[in-house]
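What follows is a set of structures to go through.
Shared between the two complexes below is chain A, which pairs with chain B and chain C, respectively.
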Partner chain A sequence: MANMTNLYDSSKCTACRACQVACKNWNQLPASIKPFKGNYQTHEDTDGDTFTIVLMNEVDNAASGVDWNFAKFQCMHCLDAACVKACPKGAYTKTEWGATIHDPEKCIGCQYCTYACPFGVPKHRKREDKITKCTLCADRVTAGLAPACATTCAPGALKFGDRDQLIEEARDRVNYLQANGFPNATIYGINELGGLNKLYILTDSPDKFGLPVNPKTYGTINFWQNWVQPYFGWLIPVALGASAVSFITTRLMADKHQEHPVEGGHE
Partner chain B sequence: MQWIPEYRDDVPRVERFTWLARFTHWGHTVTFLLCLFTGLILFLDGVNWLAAIFGGYAGAGWVHRISALAMTALIGFGIVFGFKGVLIWIVDLLRFGFNDLKFLVLFPLEFFGFKVNVPPQTRFNGGEKGNSLVTPIMVFLLMISGYIMWFPGYFPASLVRVAYPTHDIAMIFATVMVCMHGYLGSFHPGSGESFWGMWKGTVREDWAKHHHAVWYEETYGSMAGEKPKTILGLPVFEEYKSKPKDAE
Partner chain C sequence: MTNHMIDLKNTNVALIMGSNMAENHPIGMKWLTKGRLDPKRQTKIIHVDPRFTRTSAVADIYCPMRSGTDIAFLGGMIKYILDNELYHKDYVVNYTNAAFLIRDDFDFQDGLFSGYDAAKRSYDNTSWDYKYDEAGNIMQDPTLQDPRCVFQLMKKHYSRYDIDTVCSITGSPKKKYLEVLKLYCSTGAPDKTGCINYAMGITQHTVGSQNVKSFAVVQLLLGNIGRAGGGINALRGENNVQGATDMALLFQYLPGYIDSPTASDKYKDLISYIRTTTPGAAKLPFTNLAEFRAIAAAGIKYSGWRANTSKWIVSLLKGWYGDAATEANDFAYHYIPKRNDTKNYSHIALFEAMHKGEIDGLFINGSNPVVGGPSANKEQTALTKLKWMVSIDLWLNESAEFWSHTAWERAVDNEKVSRLTPKDINTEVFFLPAAAVYEKEGTAAQTGRWVQFRWKGADPVGESKADLWIYNELAKKIKALYKDSKRPEDEPITKLTWGYDGHDEEEPDILKVANELCGFNVATGRPVEGFAQLKDDGSTVCGNWVYCGATTWKDDKMIYKPQLRKKDDPSGLGLFPNWSWCWPVNRRIVYNRCSVQPDGVTPWPGDSDRLVWWDPTKPADAAKPDVLGTWAGWDVPDFIKTTGPDKPAFKDPFIMRPEGKGCLFGTRASFKDGPFPEHYEPWESPIAPIINKQAMNPATKVWEPDKQGKAEEYPIIATTYRVTEHWQTGALTRNLPWLAELMPNMFVELSEELARDKGIKNGSKVIVSTTRGDIEALACVTKRFKPFKVAGKEVHQIGMLWQFGFKGYATGDIANRLTPHIGDANTMCPEYKAFLCDIRRA
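Then we have the complex of A and B:
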């Protein structure tokens, strides 16, 4: 099955944050009220009860004074996802249409995924000691609906559909934007981290939107998952095996020269 | 076939470990092994049957944390109340010398039961000196990285990401040492007598002469009365190079 995803268009988003509300509503998430931090962004980051937020970046621009760059932020549903690899419980799975699904039944709250994710998306919900994050509304999609956030978006900044088709649409839109006052307009998510199952049309480079320009999985996490976990552990059975061999050979050799009592050992 | 060398009270015995050292060692062993088996569940990526032994994953998580706290407390207890013993231990490690190197070279042969002529050793032989260095360092790393993993929110994210591989590597090196160490300190026919030193506190006098000749001579033998050179008020002998006469 083809990958199905959301295309978010920053040039159409008005930062009304209806998507945040629709997400809370559909996923039955309680309000998470945060103190005012001097700008319009509701939350600094996603949290255990908030799967998506709209980032409101204020960026200096020599020509226009200041740009107000909006970006809807949530799990990127990476096609090759770091969280899937890091989780010791196999709590994460990829659906055949590209969503990264987290199973709270399996989760033990260790938070490895939080620190493995290049976007720091999975968040710990303290009261249950479980991780939560955006589901790409897999429950709705499998029932033939679009995600709650995409359904509610009034200006049409969120569109759900076939990833390949959306990439074509995004290319057209970016060409148009580049020709009409946004020379740095770009698409985010086609190749980042081997492809995200989330696409962004940005009117400027990703760093102006609070997104990492060239996201990478962490070297320490790769070393841990690709080297330490699969290979280093074999030293333990080697040590056990050597002890087992010694258990037998020491006794065989002690039998050979009987004049030495077993406990005599060396010398 | 014999498992552990028999405990003989019909022969002269000498004291090797105090009550406090033994209590700390075995308490640490139990908590370490509990941490190990509950930790392996995650290291091996979800071993359900092992988790079931500890009442499932949540249970294993709590056993890991409670054992970790108990282990930390025990180590603290051992260091505070057995401070002099720890110093004696450290000073003995600082005596690492030529005889220890020789021991380490010959050790693989002796391990598998070949007859070798090992030069006289101090309180801890070359292998035990290595174990005394590697294992405590690994346990220390396990504790530091473990608390970071337990309370990641209080530490920089990059440090948490370093703690993960650190915890695993330290676990692996510590466990490799403990596998060999636990075997040598029990079932190995040559060094198995040391088990009684750690269990009951005493070892056979003839075994002590054989395996730790320098320690024996300094503590109980021909040199016992001599006033040694001291570091921090603890005895340091220089005559480690030559074999004491009575050790034959």
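Then we have the complex of A and C:
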């Protein structure tokens, strides 16, 4: 099965954030009301109860005075996903159509995925001690529906479909935008991290939208996947040994300290 | 809207001015963006606004403009069109009053039109009229050269609006302003159309009506009215505001925009009413309805479609008073209440009267004046002077709880602001829980005049009831109280028809209301198929003539057209004639006669989108197949079907107007403040007038002279607005957690420059003050507000949401505690959009 995904077009988005509400509605997520901090964006980042937000960035522009750039932000469903590699319990899987699925039953709330993710997307939901994130509405997609966000999008900024076809459409659109006032228009998600299963048409470079220009996974991620996880069983005796060594050295150090009182202590 | 939402996809250039369309009309905006992707239209979007909004973010051009300077901005556009001959000449000569000559005593000096009375702050409009020849015909000069013709007078009037003067008033960067002029005025080409979309940013000013009138002048000059992709599109602030206006929400009207009578000679009986409201009837010789009918049948000169007013008022009276309304008793005309001729009954005036203790009781229905009313401190105090108040709403909103302790908390101690406690307040308050839109059935007339039926989706929560149920029960109880009365003064109640109960008398039948509104024949009970069939002899009933034709009879039952849901669109222009129903008579684009050339057949050069045309080969009436020639087309023609090339009115597309033309010059009583729009500064302005000698609109009533803020004390311009996340006063949305989280607190937007001057940090608390009060809010320091260069000096503007209050999940101070009690000269629409304030760190 081909990869299925959302194509987001920043030139059409009006940041109405209906996608955020539709996401909460479909996933029955409680509101996370946080005080206003001086930006329409209100949620600085995704959180345990907020799978998607619209980034809203004000950027100086010599010609127009200011640009207000919008970008819908959520799990990028990376084709080669760091979270899948980082999770010690195998809670993450990829569907055959490209969605990265997280299984809360297996999740132990360790948050390694949060730190491994180049976008910092998976978030810890304290009250359950579980990680949550966008599911690409896998439950809807497998039932033949488009994701809730794409279904509700009034200005037509979100389109769900076959990734390869959407890439073709995105190329046409970017060509048009480049010729019509947006010379820096670009596609985001084709090659980043070996390909994201979320595609973006951006009217300017990704940093102007609050997206990392060249996202990277930590080098250690492969070490985790290739060494730590397969030999996880070794970790316990190794850790025990290390504790024993630490115990001995610490005690020896403590003894030495007793022999040499801290200077100036008498005053 | 002259056009409708879907028609926006047909435009070449859209000018969005005084509207944050992407935020407040997101679904309408969708149709504009569709046009952008259409290779035939390649729609360009211009946004003109004091601040950069989410609409600006998706516009092709954004041009800043200081609040309250729309007429200067548009006056400069009018001059640019005239100077560069960008107007659509054939259209202007044939379809507007450009060629009409104006009386010699009409004049304009120092910002005042002829006939001004400074003591009364009003005009005698006698001189604002056409010149008539001895035969009683309006004199014209189709060459547009006569110095007294409208075209030349207009040219003279706007000669003062040169680009430098305009930019020094509006504060727009000259380069941007020129870009706007060039792009928008390109729609004067006959093969192009442009639409203007506006909202409260245009109307909520002391010059609100004239702001809209400026649009009319621009659009008529560019030939953009009555055509697909053109129009002046009022984006109504609520879905059914159009319906409410149709049903006489405005105090000066009865349903269907016909005059509500006053207690004066002009309206003393039905014949006087007809004489006053029928254009051209003032001096005609008739003393009773029979004589009037004979005169009307022969035709009244310069009357237009309003020559039918007698039919509309009689059919209305017949609906209200049934058998008690007969020709012998003036169709019970004396039953309807008459207004005091000297009084104003608009929102501001009502609350001023309430504040003086002149009003005992108030019903508040789906409204929240403690948050939404201008000068909300005063309006909240006014509610305490009532004996009783009934609030009908989904939630206990701020107005329902105006008496509570929280309602009188203020961020700043200000001796000028009254602070009460519940024990000081004697108003008895009733609360009736109302059903939400999805919990009841009925129609909503949207901004494009489409009357759409909505079926009930869920049962109301708890004891909440539909508004119709509430008013049906109320009316039945009132009638029961008077049922034994024989007093003549009680007849307006005892004789009132009221029969809307459904089968079980518990639930009213909404289709019975629809039947009366849309009209039926008294003898048969069958629907009247269109307003042309209404009569003034008591044989037809019609509660609102503009809704006539929404019902029909088929297969032995009434078909209510707002329930239609067919998706056929044969023209491809998005008219969708069988989806719901649109007033008048399902005409989707009004003045559509203008979509073809004066010959009635040919589309404008290069344009293929004609909406209607004259077809000489077909009969207008199937019953008279020999009489050939009729108006036909994709849309319902906005024209009398049988008016062919042999009749002088063939080239008069504006059938509601007495002269049949689009008015560049608004004659006589069209406007209270002048026949041409003239820029006046807002009531509270940071600068002295530049373009004339008037400090403000000379015809506006000043209610509270002592409350006028001066620039020395309050140097910063303020404006108010909504965001997409909240709805109106927020009663609905601030109670919904998923929306509350998107805009959780009251905030004030200000520029980085002003924030620096005042030492205000982004996200910190600030106090905003005017002469009316003070509020506390969080600062939103943004690049999207920039200082204006006005009259050679730097002027700051801030903006704030008027959607917050003390109830719900998302709370904050009420911005309208700052706004003034002053309104437009014509409508009294409050000046929420431009006033003076000061801001400081909290």
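Some notes on this structure:
By definition in this document, the second predicted complex is superposed on the first by the 219 of 267 C-alpha atoms of A that agree within 3 Å, B and C clash if a C-alpha of one lies under 4 Å from a C-alpha of the other, contacts with A are read in each partner's own complex, and residues count from 1 in each chain.
Everything that follows uses one rule, which is that a contact is a pair of C-beta atoms (placed from the backbone, for glycine too) under 8 Å apart; a residue touches a chain by one contact, two chains touch by 3 or more.
Please read all numbers here as calculations on a predicted model, not as lab measurements.
By the touch criterion defined above, A:24 lies against chain C but remains apart from chain B after alignment on the C-alpha atoms of chain A.
In the superposition on chain A, no contact is made by A:179 with either chain B or chain C. Contact with neither chain B nor chain C is seen for A:2 once the two complexes are overlaid on the shared chain. In the superposed model, A:213 lies in contact with neither chain B nor chain C. In the overlay built on the shared chain, the residue A:16 is in contact with chain C alone; chain B does not reach it. Of the two partner chains placed around the shared chain by superposition, chain B is the only one that A:108 touches, whereas chain C remains out of contact. Contacts of chain A with chain B, set against its contacts with chain C after fitting on chain A, share not one residue. Taken in their complex, chain A has these residues touching chain C: 11-18, 20-21, 24-25, 30-40, 42-43, 58, 60, 64-70, 154-156, 181.
Contact residues on chain C toward chain A in their complex (touch as defined above): 22-23, 26-27, 29-30, 33-34, 52, 54-58, 60, 62, 64, 723-725, 737-745, 747, 762-763, 778-784, 786, 809-810.
Residues 88-90, 108, 110-112, 114-116, 120, 218, 220-221, 223-224, 228-229, 232-233, 235-236, 238-240, 242-243, 245-247, 249-254, 257, 260, 262-267 of chain A are the ones touching chain B in the complex. Every residue of chain B that touches chain A in the complex is listed here, in rising order: 1-2, 5-6, 42-46, 57-58, 61, 110-118, 149, 152, 157-158, 160-162, 164-165, 168-169, 172-173, 175-176, 179-180, 183, 187-193, 207, 210-211.
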